[in-house]
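Dropping the structures in below, format is structure tokens.
Each of the next two complexes has subunit A plus one more chain, namely subunit B in the first and subunit C in the second.
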Partner chain A sequence: MPEILASVLDGLLIGLVYGLAAIGLTLIFGVMDVVNLAHGAVIALGMFAVYLLFGAGLHPYLGLFVVALIGLAFGVVVYLVAVRPIINAPPLMTLLSTFSVSMIIIGVGTAVWSTSPYNVNFPVTTLRILGYTVTSARLVAALAAVLVTGFLYYFLYRTTLGKAVRAVANNREAAELMGIPSQQILAISFGIGTALAMLSGALIATLFPFTILSGGIYELKSFVASVLGGLGNPTGALFGGVILGLIEGSVAPFIKISWTNVIEFVIFVLILLFFPTGLFGGRR
Partner chain B sequence: MSAALEIRGLEAGYGEVQVLWGVDLSVAEGRMTTLVGANGAGKTTTLRAVMGTVRPWKGSVRFYGEDVTHLSPHTKAQMGLVLVPEGRQLFADMTVEENLEMGAYSPRARKNLAANLKRVYQLFPRLEERRAQRAGTLSGGEQQMLAVGRGLMADPRVLMIDELSLGLAPVLAQSLFGTLKQLKEQGLTILLVEQNVHLALALSDYAYVLAEGRVQIEGPSREVARNEEVRRAYLGI
Partner chain C sequence: MKRLWVLLALMGALAFAQGNTITIGLTVSKTGKYNVESVNQLHGIELWQKWVNDQGGIPIGGKRYKVALKYYDDESKAERVQQLYSRLISQDKVDFLISPYSSGLTAKAAIISEQYGKIMVATGAASDSIFKLGYEHVYQIYTPASRYLTGTLDMLRAADAKLKKIAIVYEDSKFAKAVATAAKAYAQKKGFDVVLFEGYPKSTTDFGPIINKIKAAGAEALVGGGHYADGATFARQLYEQKVPLKMIALLVAPASDEFAQLGDAALGVVAPSQWEPLVKYQQTCGPSPAQFTKMYQDAYGKLPAYRAAGGFAAGLVLQRALMDAGTTDPAKVKAALDAMDVTIFFGHIKFSTDPASHGLQLGHEMVQIQWQKKGGQLAKQIVWPLGAKTADLVYPIR
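Moving on, here comes the complex of A and B:
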């Protein structure tokens, strides 16, 4: 019994990191109706970013701040190059365009790092919480995910710029009529979504080995988590991530790990069929 | 009297369909000007082309003498050319106060945010009572109050209002027109598009009658209101 609970606790902690990745995806969709298919590749970039910074002597947790800034800048560039010119075109266009970005990142990444696994090797301790053993890395990753989400909410609900992001998400034309430079806001939003994806990748890199292709599975998990929580709803996405983590944690002691994906996607389909706006309602 | 807003030969449309065929119109500073006409005459398109949410094909828009024809809508709004759009277009998931705050987004308006907020709450005490409520949950009349209030938060030098009374109960429409009269008396320059022609002509100083994408008749509102030909041919009253 304690092993199961330990596994569930592990699942809860990793679920928060999934949730962070999902928030990045759902934020971009909520603000501009773009499904960012480069999400997974960007998560992988976050993994390699923290790896390179670590190689340059920066502690992974300090590296997170740098990764966030890189993510913000990279996201703005991707928006300007690949999304802005077709922001008013049919959705298929932005799907193809962000998919192309994904292929380019993975292509270049494969050329530079091949597809062999890397890891960020830094000292990790184990802690005992309520009698259960968890690694400090997992605890910090989960804590960081919660903190970043908190910051995001502070930004969206307490700052003028953040409120402008919500205004543009609500009604882009009305925002423009009120003097809000909507294209600038869209670029910033894409930057934030990208930064969140890279941060989640960086956190995952402190837990597991990774390759340039590792982002794919987390992109899929982000989709499931976002849809669970209602596309466009950041809190929902976080809870969606936690639900995924809990499912993984609870089934891990009993079945092979590869089955968790099957279970998750069965749930995904069921949610789409019976709760098309998610468990927590659609965009806010 | 100098013109706050000067529209010359404005042509615009949607896709292949031309709606405006050369609209000439000017809005005098400190006055209320109204643009009336039947449905489909191009009133809303005129306002949208002035703001730039519909791209003008030809013609020019001058705002206090400056050519603003091809500036983006948000730049014009920041300069003080503000449109309260048809159908309110509120930020439905944001609170009343957040909507008002977004009205004051431009650096020019942000400086006066506190004073303007007080002023809007004085004009519409109802909004203050509902400040923390989501805009989407307001009644139709309250939503229109919020749309006007949000426009006022932008510190307009010219306020354009598209269909103030559309879909509102007569009592509410009357009360909103009362507010508009107050604003006019405070010296605000207003361009009003309104389907309630009686009220619009009664309240405004100068009127333009739009039909088939052109201004057909213009003059002081009182004269336009008395003009039998206008009443029959263009206004259906």
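Moving on, here comes the complex of A and C:
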């Protein structure tokens, strides 16, 4: 029994990080209807960003702030170069365009870092709480995911810029008529989505070794979490991530680990069939 | 008219040059997940090519043949391997083949080499199953998966006669699954109780659920793993979670020098290795282990990993077969490979000629390495077999 509980708690903690990654994906979709296929590659970039900053002497947790800023800037650049020119084209165009960005990032990343694993080797404390062993890194990663989500909510609901983002998400033309510069808002939104993906990558890098190809699996999990929570709904995505983590944690003790992914994707299909707008409703 | 003569002369020279060249075809995973291991293997093959060409080529029947390599990037993808090996044989007209890296890709390449009846020396591929399909032209350099962990279990039994409960946790890949299945049977024969026998998906990064299972099963020792990325991740999380295991033996990852990046998490971890620079084999042909190591260091500025040694060995075995055959006639080269029984810097090489397992490696043995602290620095030591050891096994590790 303690092992099952430990497994569920592990799942909850990692699920919050999946959730953060999913928010990045769902935010971009919610605001501009773009399914960002570069999401996984950007997560991997976040991993390498925190690794390089750590190499330069910055503690990984302080590095998170820098990673967020880099992510914001990088996202805006990607938007201006690869998304903006085709923002009104059919969805397939933005899919292909962001997929190309992904291929470029992975191609350059493989050339620079190869597909060797890298590791942010900083001291991690192991805590034992009532027989449950957990590393400080896992707790901090989960906490950081919650804090970032809280901050995002404050931004979206309490600041003028955030309200503008929501207005553009709701109805771009109406927002423009109200004098909101939609192109700038879209660029900022893409930047925020990218920053969130990079942040989640940075947090994952504090937990596990990674390669330039590591983002792929988190991109898939982000899709499942986003759909679970309702595409375009950031809180839903966080809960989607938590549900995903809990599923992983709670089924693991009873079945072969190899089956976990199968179960996740069966749920993905079932949700699409029976709750097309997700468990928590779609775009907000 | 003059131009035509020049062209004809050039073509003649080219034909003559080709006549004294043996072209060996292969694919390399320059991109994709096997990029590190595969490029490493290629370095070994290229070093062999340089070594042999510097000596004027391979002496075959009174003539010297230079070695040319023809390779493409297979992107670590099985479908690319099949296309490219077909191309190497039918368009590029290579004379012999060397396999890609990994059992999965080699299995695909073997289908093509067999279809065209081309000899392929398989290195970087330890799976037994490729050699149980009745193929007649594929020859294995590595110790096969079925014998990968037997030395590890022998060593564990020698270190602790009382230990019962072991967990076997492996990556769901062709190679690791074959190793784990063979290890399970051998462990039971040795009197171990296999309390957990489970695979994990190739893309696994979070080993939390598996570690919880290992704890719940009360395992005292762990053997398993798969390739580099998962093995390194697994080792780190076992350390962070302070799992009370007396021995941790993982495939592939700890045998790489990069494993030292894990710091204290690497300490005590054991790995079976196909080859280590410290080995002391008395070779009957080719360079000695020390000479090979020096050549490699001079060329690439670092110690060779076993994959590079396996690459060089593949070339050397082909070279030896050509010299023994005294001709480039594939049938005679095949006969020479079937009859081969030599010790090279990589170890003993002898192939099965039994039709049920033709080409399977029978001679080569694994060495066991353990990461230990030497003068405050993490270093690999050979701890098994006892005759080859450079240090005693540290046991238990926790």
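As a working rule, the second predicted complex is superposed on the first by the 277 of 284 C-alpha atoms of A that agree within 3 Å, B and C clash if a C-alpha of one lies under 4 Å from a C-alpha of the other, contacts with A are read in each partner's own complex, and residues count from 1 in each chain.
Everything below uses one rule, namely that contacts are C-beta pairs under 8 Å (C-beta built on N, C-alpha and C of every residue); 3 or more make two chains touch, one makes a residue touch a chain.
It should be emphasised that the depicted structure is a prediction, and the values quoted were computed from it without experimental measurement.
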item	value
Contacts of A:233 with subunit B and subunit C, given as first, second, both or neither	neither
Comparison of subunit B and subunit C by subunit A residues contacted	C
Touching partner for A:258 - first (subunit B), second (subunit C), both, neither	second
First, second, both or neither for A:206, with subunit B first and subunit C second	neither
Doubly contacted residues of subunit A, that is, touched by subunit B and again by subunit C	none
Residues of subunit A touching subunit C in the complex	3, 6-7, 10-11, 14, 107, 110, 114-117, 119, 121, 124, 126, 133, 135, 137, 204, 207-211, 213-214, 216-217, 248-249, 252-253, 256-258, 260-261
Sites on subunit A touched by subunit B in the complex	160, 163-164, 166-167, 170-171, 173-182, 283-284
In the complex with subunit A, residue positions of subunit C that touch it	31-36, 39, 172, 198-201, 203-206, 208-210, 212-213, 215-216, 228-229, 232-233, 236-237, 240-242, 258, 261-263
Subunit B to subunit A touching residues, read off their complex	51, 53, 72-74, 77-78, 82-83, 85, 89-94, 98, 101-103, 105-106, 109-110, 150, 154
